[in-house]
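Each of the next two complexes has chain A plus one other chain: chain B in the first, chain C in the second.
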Partner chain A sequence: MGAGLGIHLHVEGESVVHKLPAHAKLVGLVTFVLLVVALPRDAHSARAALLLVAGAVVVSTRVPLRHVVSRLVVEVPFVVFALVLPFVATGPAMRLGPFTVSRDGVEASIALLLTATTSVLMAVAFATTTSSRDLVRALQHLRLPDRLVQILAFMVRYLGVVGSQAQRMKVARDSRAFRARSLGSWPVIASSAGALFIRSYERGERVHLAMMSRGYTGRMPVTDPLSATGRDWAVAHVPAVLALAALTAVYAA
Partner chain B sequence: MSTAVLDVRGLAFAYPDGHQALFGVDLHVHRGERVALLGPNGAGKTTLVLHLNGILEAGAGAVAISGLPVTRENHLEIRRRVGIVFQDPDDQLFMPTVRDDVAFGPANLGLRGDDLNTRVEAALSAVGMQDLADRAPHHLSFGQRRRVAIATVLAMEPEILVLDEPSSNLDPASRRELGELIETLDVTVLMVTHDLPFALQLCERAVVLSGGIVAADRPTRDVLEDAELLRTHRLELPWGFTG
Partner chain C sequence: MHVPDGFLDAPTSLGTAVIAVGGVALALSRARRELDDRTAPLAGLVAVFVFAAQMLNFPVGAGTSGHLLGGTLAAVLVGPWTATLCLTVVLAVQALLFADGGISALGTNITLMALVGVWAGWLVFVGLRRLARSAGSKVVPALAGVAAFASVPLVALTFTAMYAVGGRAPIPLGDLVTAMVGWHALIGVGEGLITLLAVGSIIATRPDLVHGARGLIERRDLEIRTEVPA
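Right after this comes the complex of A and B.
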């Protein structure tokens, strides 16, 4: 059953990173990534240093390495693009083994790989240490528009419900000897998707009724507000401060 | 007699598409009663239930809860007084954890901090689910989810608990446990059900709604023994219960 994709990301733990309040972590993460992206293209050593910082954060979460590596798959499109870049970019050429490649392309490729890996590692460190519930609370705390937060919260809750409904429909289809083999089976799949959409829409209406019945007035009540001490904020921003230091050093040189 | 907890007078309602679901319903439920609302599919049971807390507005007639008329201005208080537990717990449980979900209603009423926690703990222990407070609703069994759905409504300390098909989709043991649970609750209950033995077990009185009117309002045993009445309104005891 599709028991909710978000659940597989989060890994319970007791590390420093797990214990930081989610909103402080989130701000720290976004600041860090923005600073990494702001590094000039040829600042490879600064980038490599920040990659080590991200690696250190991941290690400090004490999440099993295998789990982290499998999450790095999201980076694959960037890696593919980075590998292609030296061959398609223009500008002065250089030799790399048997190939002639663009020097600018190689530079850009290294920068892209380092930036992407650093950012993804940091994002994985955040995702593995923050439950979906805390993520929603953090966004609510950070004053993201309430409607967006609610959409996200309902997605987290109902992804599994809709997923298992889709699975049941597939089983029912297959039980009547349906096999998706040719183009001819597409209309069947399309109408299943349509039915799933309508069912989800109707469920949405029923959920809304249930909410109204318990006095919902348009805003989700904050029952358990997040709080962070100055120390929490400081710890959450250690990577960002290091990134700022790297950025300053690069521009000063 | 004291003011009825639930007082429905001459309630009629037609949906915007012109389909008329209720043609003048009268129903009075007093404190401490457990009343079964029986009727075939399409009899208007759900339509009636949605009038009790003002989700639908009466076309004609009136609904009052402990003397307070169901009107737009009174919605929040009415929704506190009337706790509806819907049939599919997945519709009712929409928050990330059981605790958040039980807190949703009382928090909408303005409770915070210790008051809120006390309510949540009390509601969860009333249904025997206090140990699962931090679980996600989709990680619970169906029977557990139905209990939590009841807790979400109990946390609002309602004057009347309205249960929509409480025994549906439950295995026999969960159904029995739910029956035992409902018997322990010190609250007025209106129970919409097709499960006639369950109605007999829990409710001393039964109301048959059919074709948008109240066709019978009698002790449950009387209703179930009236074969003619049951047949007319497409109600049937399961095989083996008749004779």
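Right after this comes the complex of A and C.
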């Protein structure tokens, strides 16, 4: 455990996407993904075109491709599901090589793969170009309830701290020749989780006391508000406009 | 377990998003009672804990491993309203900073894991606790374990219901229910055992931190000893 906790997706950079204000980027991302999901099931060519758009956005971030590909791993369980779909779905059958499969299943499988890949690529483009602090500022700017933003801010702030604590506990277990192999190792893992909870909770209490003594009244001041020009909003919504065009074209046809 | 984009159709995604917003808004107003003004720092660190606990893999055998959902565990430890907020924040961070779980499916994921996952586990836990009131705090870990076990197939069942409403491919519903619930009952065994053991180890050291054990811990009166035995 702990592995991956310290590895934020964020990569420093100077590309157009990096420079966009985070709230404009976030709104653009959500609009784009919603439009892609709203495409009807058999609009495969529109989906493929939007996959290219997402690919182009990823390329324009100039983040090393290796970094992006390693994130696509999160998709694997659903690729498996998509591959199984044609065989378990019902409806009219069709022949695909040596197999007889469900036509609806194949359609849904292609749609799922294209949609999920497109949106994972866009989400990766957002995550690699936005620091966790900018995400917090963006959500604050977009008027998310203050307490939710604060919880999120504390979470991203202490992710690394608790993560390295978990890592130290893992080193302590490993150096006592612990290996998580069988059911017998569960009590050890569970008591580690218990200790991690107590340590996290007590750290939370200490942080709270420290903040109280520095004049915290339950609100965090906005020191450095985000601002976006009309041009920023326009650039951030280019993919969303393309998606809207694709959606209109599909419904017009 | 995180639902990606495009798995459910747009109306279903929006519908679950509306449910999620309602649930989280209610939790925001109620969590204050559980944690008073310490809400933000404490809930933030509990969210980090849930995030870390989800990375904690336990070996299932044959080279595969499972990971914790943590909904019931968080509910028993800090109370259901705070747990709802913590899970919501964890899911939002996973979607936005780690590209894990779909953006348009965030409402679906929050409904599944932060609402159903937390509340199914919590309600089962409260029900069992009422039955076993006389047994004291010793049974709390076992009750939490059973509740965690039950919550996983319940989440799977909710997901199946969502799929029946807004799924993109026609799969015979009976088969899907059997496969999902059967498979997740197995995962639930892992979730239940880890929850049982983790709550047990916390009750042994800091029973005052376990929200679900409040009122069950034996009161120990302050003892003032004037004479020091030689």
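Convention: the second predicted complex is superposed on the first by the 231 of 253 C-alpha atoms of A that agree within 3 Å, B and C clash if a C-alpha of one lies under 4 Å from a C-alpha of the other, contacts with A are read in each partner's own complex, and residues count from 1 in each chain.
The definition used in the following text is that a contact is a pair of C-beta atoms (placed from the backbone, for glycine too) under 8 Å apart; a residue touches a chain by one contact, two chains touch by 3 or more.
This structure is a prediction, so every number in the text was calculated from the model and none was measured.
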Item to check | Side-by-side fit of chain B and chain C on chain A, or clash | outcome: fit
Checklist entry - Does chain B (first) or chain C (second) touch A:85, or do both, or does neither? => result second
Next on the checklist: On the A-aligned overlay, A:104 touches which partner chain: chain B = first, chain C = second, or both, or neither?
Outcome noted: second
Next on the checklist: Output check: A:243 vs chain B and chain C. Expected answer is one of first, second, both, neither. What do you get?
Outcome noted: neither
Checklist outcome for this item: Counting residues of chain A touched by each of chain B and chain C, the higher count belongs to C
Checklist entry - Where does A:123 make contact in the superposed view: on chain B (first), on chain C (second), on both, or on neither? => result second
Next on the checklist: After the superposition on A, what does A:197 contact: first (chain B), second (chain C), both or neither?
Outcome noted: second
Checklist entry - After superposition on the shared chain, which partner residues are touched by A:215: those of chain B (first), chain C (second), both, or neither? => result first
Next on the checklist: Quick check on the superposed pair: does A:50 touch chain B, chain C, both, or neither? Answer first, second, both or neither.
Outcome noted: neither
Item to check | Partner chain(s) touched by A:133 [first = chain B, second = chain C, both, neither] | outcome: first
Checklist entry - With chain A's C-alpha centre as vertex, what's the angle to chain B and chain C, nearest 10 degrees? => result 70
Next on the checklist: Quick check for you: in the superposed arrangement, does A:157 touch first (chain B), second (chain C), both or neither?
Outcome noted: both
Checklist entry - Tell me, in angstrom, the smallest C-alpha to C-alpha distance between chain B and chain C in the overlaid model? => result 7
Checklist outcome for this item: Overlap of the chain B and chain C interfaces on chain A comprises residues 3-4, 132, 153-154, 156-158, 161, 203, 207, 211
Checklist entry - What part of chain B is in contact with chain A in the complex they form? => result 50, 53, 55, 76, 79-80, 82-84, 86, 88, 90-92, 94-97, 100, 103-105, 107-109, 112, 116, 136-139, 152-153, 156
Checklist entry - Can you list the chain A residues touching chain C in their complex? => result 1-5, 8-10, 26, 29-30, 33-34, 36-38, 41, 71, 74-75, 78, 85, 88-91, 102, 104-105, 107-109, 111-112, 114-116, 118-120, 122-124, 126-127, 130, 132, 135, 145, 147-148, 150-159, 161-163, 166, 180-183, 185-187, 189-198, 200-201, 203-205, 207-208, 211, 218
Item to check | In the complex with chain B, residue positions of chain A that touch it | outcome: 3-4, 7, 131-133, 136, 153-154, 156-158, 160-161, 203, 206-207, 209-217, 221-224
Next on the checklist: Could you list, by residue number, the parts of chain C that touch chain A in their complex?
Outcome noted: 2, 4-7, 9-10, 13, 24-25, 28, 31, 37-49, 51-53, 55-59, 61, 68, 77, 85-86, 88-90, 92-93, 95-100, 102-104, 168-172, 175, 193-194, 196-202, 205-206, 209
